[in-house]
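Just so it is clear, A, B, C and D label the chains in written order, and each chain counts residues from 1 on its own.
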Amino acid sequence: MPKMTAQEVEDFIFSHFPTANQKRHFLVEKLEEMRAQVRMIYHQRQLRPGGTISGPALMALADTAMWVVLTGMIGPVAHTVTTSLNINFLRKPDKKDVIAEVRLLKLGKRLAVGDVVMYSDGEAQPVAQASVTYSIPPHRE
Amino acid sequence: MPKMTAQEVEDFIFSHFPTANQKRHFLVEKLEEMRAQVRMIYHQRQLRPGGTISGPALMALADTAMWVVLTGMIGPVAHTVTTSLNINFLRKPDKKDVIAEVRLLKLGKRLAVGDVVMYSDGEAQPVAQASVTYSIPPHRE
Amino acid sequence: MPKMTAQEVEDFIFSHFPTANQKRHFLVEKLEEMRAQVRMIYHQRQLRPGGTISGPALMALADTAMWVVLTGMIGPVAHTVTTSLNINFLRKPDKKDVIAEVRLLKLGKRLAVGDVVMYSDGEAQPVAQASVTYSIPPHRE
Amino acid sequence: MPKMTAQEVEDFIFSHFPTANQKRHFLVEKLEEMRAQVRMIYHQRQLRPGGTISGPALMALADTAMWVVLTGMIGPVAHTVTTSLNINFLRKPDKKDVIAEVRLLKLGKRLAVGDVVMYSDGEAQPVAQASVTYSIPPHRE
């Protein structure tokens, strides 16, 4: 069972990432046992030439979605860090919000691994898939 | 819709990969629209020290499962080749068959990308997750 | 031999990526046969909690460095796109510029693959390593 | 400085991996500070249709090369395990030995990350590139 609600994790993002705070561009839409859904609000700033959402914006979304589900499951542990991220870009995203669905495949004491699939809002075909590994520092359970 | 049945793809493996043929250690259990399930029969030869199924055996399973779903969807096109593979090892597999569930996330004209999750037979927690990209040569549809 | 100079590629970034243009935070320091060096200017905006440069900032650097060496080698071809990126975070970066050294391992007609190693300015131990694949659209040579 | 010689690591492979032992198909050619070179002896068994060395054979080589440099650096610690592997296949390998050059990018207490570039014997262009992460169990230094 998650130790935090979606709203609590979202507030934790914004209290700890002041830049993100100003923008409020990641919303935690769902937080369940080992799963979460995170929305990245569309903003023109994310565009790259050709009018598509940039790779780095999708990578930031994948990383954030993984952080959300991990933080939701273990609580507000400080200093979890990404150790690796692998992303495949599948289709050109539309100029709209992107939804990330993340599933924790492993939640160990020291390492957590998640699989993230990203969709343009309302579309059935994914725009990108990522697997993300986080390192978890020693903490009180 | 797949262009081949599970049995046809399995036979195609064994006619083209004579080494695998001798062993019959990959079975195509399901082949559906953009999805497949492949079983790797347990054999002591796959073990590494510590008694666990080796990483290379799981990598071969991921690669084969992706090849199965791709071949099932596009038919017996020769010379599709793996261009990249990313695998995360999650848990020590049991000494038994490993089941790979693969989903094609993208099936383009030139590139296909699949997500593979592997389980020890009968277990709920995955032992490994892989994403695999194949290059598809020009062919008649 | 590269078809563009370091300065030409840098100007091409800024003419095509207006956001980056305002910031001028990527500098092309070297451009040689199949290799380049790109500097990401340190800015507080890149920080994440704990005072370290964020993962997404390093991913953007890896992606940009690969784009630089590719564009340098093939000229100003429009619509090259990242198809996959794998990054390993190795050490906490210092609060200073990060230098990316990229080597093109493959430059095919349709796909290019590069290996990127990133260092905090002046340090010997890398902070991250990435491999990046780009798709190249049909173009006049 | 490495804690073992190339010959000691090679013997350690063969004492621990009885299958590999029968075949002696991996040779440790160099072992230096944070670097190693491993040769995979060509054998028809590694072929896949089209006459090229199979992806799984190259993945096994990348994994072995990383294990060699890690074991060389930390000594014969039991139960180091691969946690992730990312490989890009760049060119069709020739029907001959493949040489892996591996560089340890990080050697931490719990995790080690290496970059492996593989060449057909005598060729200048790489056939594959891999990055490999190993988990290191607690051990006496």
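Assume a residue touches a chain if its C-beta (ideal position, glycine included) is under 8 Å from a C-beta of that chain, and two chains touch if they have at least 3 such contacts.
Nothing here was measured: the structure is a model prediction, and the numbers come from that model.
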For B-C, which listed pair, A-C, A-D or C-D, repeats its interface with over half of the contact pairs the same? A-D
From the centre of chain D, which other chain's Cα mean sits the farthest off? A
Result of counting contacting C-beta pairs for A-D and A-B, higher pair: A-B
Just the number, please: Cα centre separation of chain A and chain B in whole Å. 28
Just curious, how far off is chain D from chain B if you go by their C-alpha centres, in Å? 23
Can you give the whole-Å distance between the Cα centres of chain A and chain D? 33
Considering chain B alone, which of its residues make contact with at least two other chains? 83-84, 86, 88, 133
Which chain D residues qualify as touching chain A in the complex? 83-84, 86, 110-111, 133, 135
Residues of chain A that touch chain C when the two form their complex: 16-17, 19, 45, 48-50, 55-56, 59-60, 63, 78-79, 81-89
The chain B residues in contact with chain A across the complex are 86, 88, 90-91, 105-106, 113, 115, 117, 125-126, 129, 131, 133
